[in-house]
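Take a look at the following structure, please.
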Amino acid sequence: MAAPSDNLIRRRWPEQGTSRVPYWAYSDPQLFEREMDLVFAGRSWNFVGLAAEVPEPGDYRQSAIGNRKVVLTRDERGELHVLLNRCAHRGVKFCRERQGNTRFFTCPYHQWRYDLTGRLRAVPFYNGVKQQGGMPESFQYADHGLQTLRVAQRNGVVFASFSEDVEPLEDYLGALLPWYDRVFDGRPLRLLGYSRQLIPSNWKLMFENIKDPYHASLLHVFLVSFGLFRADQPSRVLMDRTGRHAVLVSSKGEQAASEATRDMANLKEQFTLADPRLLDPVREFPGSATVAMLTLWPNLIVQQQSNTLAMRQLIPRGPESFELAWVFFGYEDDDEAMRVRRLRQANLMGPAGYVSVDDSEVMKLSQDGVRESVDAAGVLEMGGLDTGDTEHMVTEAAVRAFYKHYREVMGL
Amino acid sequence: MAAPSDNLIRRRWPEQGTSRVPYWAYSDPQLFEREMDLVFAGRSWNFVGLAAEVPEPGDYRQSAIGNRKVVLTRDERGELHVLLNRCAHRGVKFCRERQGNTRFFTCPYHQWRYDLTGRLRAVPFYNGVKQQGGMPESFQYADHGLQTLRVAQRNGVVFASFSEDVEPLEDYLGALLPWYDRVFDGRPLRLLGYSRQLIPSNWKLMFENIKDPYHASLLHVFLVSFGLFRADQPSRVLMDRTGRHAVLVSSKGEQAASEATRDMANLKEQFTLADPRLLDPVREFPGSATVAMLTLWPNLIVQQQSNTLAMRQLIPRGPESFELAWVFFGYEDDDEAMRVRRLRQANLMGPAGYVSVDDSEVMKLSQDGVRESVDAAGVLEMGGLDTGDTEHMVTEAAVRAFYKHYREVMGL
Amino acid sequence: MAAPSDNLIRRRWPEQGTSRVPYWAYSDPQLFEREMDLVFAGRSWNFVGLAAEVPEPGDYRQSAIGNRKVVLTRDERGELHVLLNRCAHRGVKFCRERQGNTRFFTCPYHQWRYDLTGRLRAVPFYNGVKQQGGMPESFQYADHGLQTLRVAQRNGVVFASFSEDVEPLEDYLGALLPWYDRVFDGRPLRLLGYSRQLIPSNWKLMFENIKDPYHASLLHVFLVSFGLFRADQPSRVLMDRTGRHAVLVSSKGEQAASEATRDMANLKEQFTLADPRLLDPVREFPGSATVAMLTLWPNLIVQQQSNTLAMRQLIPRGPESFELAWVFFGYEDDDEAMRVRRLRQANLMGPAGYVSVDDSEVMKLSQDGVRESVDAAGVLEMGGLDTGDTEHMVTEAAVRAFYKHYREVMGL
Amino acid sequence: MSLPADLALRLELETLYADYVHALDDDRLEDWPKLFTEDCFYEVISRENHDRDLPLAAMRFESRAMLEDRVVTIRQTLMYEPRYLRHVVSSLRVLDALTPQIACEANYAVFETLMDDPTRVLNVGRYLDRVVREDGTLRFSSKSCVFDSVLIPNSLVYPI
Amino acid sequence: MSLPADLALRLELETLYADYVHALDDDRLEDWPKLFTEDCFYEVISRENHDRDLPLAAMRFESRAMLEDRVVTIRQTLMYEPRYLRHVVSSLRVLDALTPQIACEANYAVFETLMDDPTRVLNVGRYLDRVVREDGTLRFSSKSCVFDSVLIPNSLVYPI
Amino acid sequence: MSLPADLALRLELETLYADYVHALDDDRLEDWPKLFTEDCFYEVISRENHDRDLPLAAMRFESRAMLEDRVVTIRQTLMYEPRYLRHVVSSLRVLDALTPQIACEANYAVFETLMDDPTRVLNVGRYLDRVVREDGTLRFSSKSCVFDSVLIPNSLVYPI
């Protein structure tokens, strides 16, 4: 299945442009290598964690950007740092614990010691032993620190970049900034827990999925049956200037049958829960939106579905596999009722979620369908062929916009 | 293990030609890609199932051709169709159940609906919702049906082809047609059950195995000891004009020791069964043949060994792995005694078979032996160097003929 | 992770030369293919087993050289042979049992029979059956024997080579010969048992590890705490002319705290065993050395750590995986106390060893750290930049020397 | 020879666990909630969250009714590939035999088989349970499936 | 405390299953047929065939003699790579304790180890059995190994 | 109904095995040596070495003190990646109930979960044990973990 290296040269995006996605984009191993460099290690801000995950000085937690492993740390002065998890000596993944608290990182192999900012602080036997051995004159600690990344933080969310010249985070988020600030309004966040899935599909299928409101009313019988998300509800699809970010906004309305109902074959009008406590959403954000799903290039989904709040971090493992790392959270000022409400509604999301199981399963079916079809292409024509904002859900515009930006970044 | 892409260019078939098979033919990933296109998706008829597996209108069952996944369906008018299991919208493998009965296939993602012939019949929100969204003028249902294959059927067996110009099935079978009709004589078939193996070797080794009567008298102690198949029995190896198909025919005789016996080191003369009911073959076909093994290019083996009848479908998974899918059957007019006889004799075949275990095990040993030996080649000189029919079993002629055709198709 | 084939052409060793190892050297699949040919099948002597593993005529045992599978045999005259485990007919890995005793190898597929020297002795139906079939005139037994390797033996250890012109073993070992003879002094060896690990890292990391005394005092808290190996003990690192072989020699001394102790952060001064019987080393070799670790290009480590003696054979499985096959042994003249002592001290080594677990774990961490970093490189500057012998342990000289030779062999 | 009460209790509990396992593996999901009390608590939670007192669970149900809802959604609303599940349970241990609530634990391994793949290990972990006797029948009043398998292969459709 | 008859029976059955497992895993194949009645029925059948009433089985033996024949062929006629098998069995359940035939089921997982590979899951499924008491000894009169693992990794040499 | 002595003994032994399993899997390593006699013998040995009477073991401990030393080194000196282990044990069989030493065997499968990988099969095999009763408590006087999994995935840090 490894594609011959000259494939990539041979490969051309279909002439229909934004209304098509060639299936080789989901499985070519070289394309994947290039994505790791140009998309994740390129001019982008990557989500690495919540400040609340490393609240104290000395706290650290492992994370990843593309297929590169990093560590998020908080130094003694409270500053956040993101370090490549690769010893500067001979490359050992020095940080083994998922998270913890420390003053130094000591690589297990030869105990080179780094501080929380990634600076090299000690090399055992630097001066040799009994006047023998040791490091040469030319060896300077300053030349052998850990690779560090640029860090940006806004209202409790931490991003990092391999790029020296990526624009400031706020400019990067652009038109999506208000939607970002809607959930991250400065209130301290409370960590509720983690979920992790290994999904056997290309990482881009996850973005397609969340940028595609068209599927939500059709695939997610649970959502539809409870009117949590319906094609006939007031809704919007908004993007930033580049098309790389998007937000899907929807408002739960009365479930009046509409001409659209007919098309929702799976709709179970009479479906009710034996224990309705699972679903008793309360309004907590200004405005009428009850759902707002942000997709932030290149590795983050911010989910606000009723009262479940979660970050979904995309960690590609290879062309046909990615890790989906969920961080569920609430606010420090949640009362017990809201805390329990979020935990109950969490049954809709994650690896066993009433909604998200549909998506992880369909992503596998997508990969199974496209794997062997390098010469065919997906069709993105719902809602027309353009890539602009819409005031409705019956469109694939955000997916088209995503690939428009993707092609620019990848030079395809 | 992944062969560099320029290997294939470098690679040349050994100068000895038909009497050699280079070991790179069993492991090169690019060669495999080419086989999927030229052999399975090329000018060939591929077995996809028995008509008896989809007896009723609306019945369907998943199958595969090479590494492409298809669905065999029977429409309301009783006609058979073979559809690529890949949604025309964005590529989802829409059919999930191994088999079933339905009027339509509805893709889970956006519920595009196809009929049993593969025609697109409904696209939800095609006209948008409340005058918003929907498909552009240019979108025509007719342009977005499922990919369908040509279908041919003869006496209850269904074949499909990606090729528009492959000759009719009967011409394709050529000289083997009478042997095909011997088992498929028009009587309705009765499905007995399925067996599936994932064999860690290249798919061509399975064909080599069945086209090679030389091994049967030597590897299969069980067969030999019961005289079910012996080098000194009357037998024939027949091929079609192209050499791609073959049949091995043998007649059980009295087990007189012959000069050949000496060479059958493993022969256990005195071997008997404590419960002989496992083996009480009865003659059921005209002529003296008790065994007839057909190998039909590119993905089918038709097995008639005493009273066990089975299709063996080859489904390549990669250069070093293939699925062997068995369909055991009898005839509708079998009496209970014959039905039980077939089930008992089935102990010789399948993943645990007294005979076929030898073969699946030896195929793994072959792959283990040749994997790292891209510069060496197998020797095919038994019975001489030619590729013609023979009236005996002491030959590798059918294997030579297979590779003669293979090289033409593959341009090697 | 499969590197495109033109990578290798693109790839250049870092300009700093011997003081750097580019991380692509640990994961490039084509480089791996080339290593199998140039390093293991090249002008080298590969360890294949101990004579004591095949003591009797007819004894055989499977082994491997690089990713090629071989069989070590002892013929009727007591001579040792190494045969490729690949049938000359159609490539079957004919020898299935890990070891045994036989007069002939009979391939299971068509029962071609080879003697213990690899000569083809019988081809069933060579003359056909009833004047039919059989081999063509042109087929000569002499042309179809098993591929055999050159064999060298010294004091009970067996080596083999694919090369016709590699120098004699003694010249090959060069300056290391005395250290080899120190353990293999001609006394008959007694086999104690086997251990096998599948380590998820590149095979070269194992050599780096054993050629690197710098890590031993730091990573191995167990060793250090018992003074079995300390940076401040008298020790030497010696190499042969080419740098491909090395020996690390160390002498257990009194554990006086030294200025070096400070650097051994993990040192547990007060650490003692509840049952000290695990560690009651006795001197058994001339000279003061208590540890001598030989690394012999390209696939062997000879371990003498106190009274544990073991061969460690490196069997690469792929760029990112190798099998580490341990053979623990003693001497025929060991008394029961020594035999038990070796078995107890074996708790330090192997897959669960108090010392070697540190190494197998750190090798995985190395691979995890370097996998995605094809553009970065490891730093080898401890003890300076040269590749000469040293009279201390505070150096990476032997690792530098290894890669100096490696680059010559590989043409990098 | 007569049997100590605790061993007899364990035998009874093993019957409950066997009923639980076969209800799930034989796809008799509708029988599964019947093995719980009406006000039961059920969760499938990662060992990482559990050990750090993070409450988030992959499944969190606070009544038999919620279990019944899970069954209905599996049957009617969820979209997933067909699969077989198979449990192996061992090392059942009574931690506290006091009435009314019996505390017990056991180890489990769940194997998943998809139509076109070899069987794989889906999820392994520990049951941390409380059991009560209701009119003679043992039922789970609380069941926590604490799983080691923090990186979940795709989806969890069925209860563990 | 005295023990209900059904629990005592389950304990006895567990002994039978343990004897079965160890006979196979310790390669004492010759002991395996002795655990069956002379006119026993034994099959290894895929869950797909079993659920659809398709009779085809990977192994189908209709007497103890046929079991003995399987053992002889494994020893003398079959060609296969050497391997270790290891069974784990759990959740034994008595479905029907009526004499003469006891109906019971259990889950199993079989692990296979080839010489040069890590251990893998070979086959998981359910035993659907009937057991009778012959002069004091419990024996299988019928044993169906219904396996989930429809895509078999290469071969099944040994019984399940 | 009263219970035959051998079945009662097996129930007692199952408690010992469950305590063993949970001590390891819950990372209560310090409790593990307490299940052995002071002069116990413990080994983890490959089936290949065991069957050929080659004495070499991956772990070989000749006293409870050596077991305690293993625990201390796991806690203090060994360097390894964090991991979860999970045992499933079945088919316990009493081979010889004679006092003072009870001989018994059981099958086990151990699953390993590393932080960033799906759960995998680490090691499967057979416990070959001797158990004695010390002032009322059953303890292992000898325990051999004979493993099929001859090709070990990287390291064995914890006891089996």
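Letters A, B, C, D, E and F name the chains as they come in the text, with residue numbers starting at 1 for each one.
Simple rule for what comes next: a contact is a pair of C-beta atoms (placed from the backbone, for glycine too) under 8 Å apart; a residue touches a chain by one contact, two chains touch by 3 or more.
Owing to the predicted nature of the structure, the values given are computational and were not obtained by experimental measurement.
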{"item": "Count of contact steps on the shortest path from subunit A to subunit B", "value": "1"}
{"item": "Reference subunit E; chain at largest CA-centroid distance", "value": "A"}
{"item": "Chain whose Cα centroid lies at the greatest distance from that of subunit C", "value": "D"}
{"item": "For subunit C paired with subunit F, centre-to-centre distance based on mean C-alpha positions, whole Å", "value": "31"}
{"item": "Geometric centre distance via CA averages, subunit F-subunit E, whole Å", "value": "26"}
{"item": "Distance between the centres, which are taken as Cα means, of subunit D and subunit C, whole angstrom", "value": "48"}
{"item": "Sequence positions of subunit D contacting 2 or more other chains", "value": "2-3, 11, 79, 81, 88-90, 109, 115-116, 118, 120-121, 150-151, 153"}
{"item": "For subunit A, residues contacting two or more additional chains", "value": "2, 4-5, 96, 98, 108, 198, 219, 266, 358, 361-362, 365"}
{"item": "Chains that touch, pairwise", "value": "A-B, A-C, A-D, A-F, B-C, B-D, B-E, C-E, C-F, D-E, D-F, E-F"}
{"item": "Contact footprint of subunit E on subunit C as seen in their complex", "value": "96-98, 108, 198, 323"}
{"item": "Residues of subunit A defined as touching subunit C within the complex", "value": "2, 4-5, 8, 29-30, 33, 36, 66-69, 85-94, 96, 106, 108-111, 124-125, 128-130, 132-136, 138-139, 144, 318"}
{"item": "Contacting residues of subunit E [partner subunit D, same complex]", "value": "1-3, 7, 10-11, 47, 88-93, 105, 107-109, 120-121, 123-126, 148-151, 153"}
{"item": "Complex interface listing, subunit D residues touching subunit A", "value": "44, 46, 48-49, 54-63, 65-66, 68-69, 72-73, 76-81, 150-157"}
{"item": "List of subunit B residues in touch with subunit E within their complex", "value": "98, 191-200, 219, 221-222, 225, 266, 268, 271, 273-275, 277-278, 323, 328, 339, 343-344, 346-347, 350-352, 354, 357-358, 360-362, 364-365"}
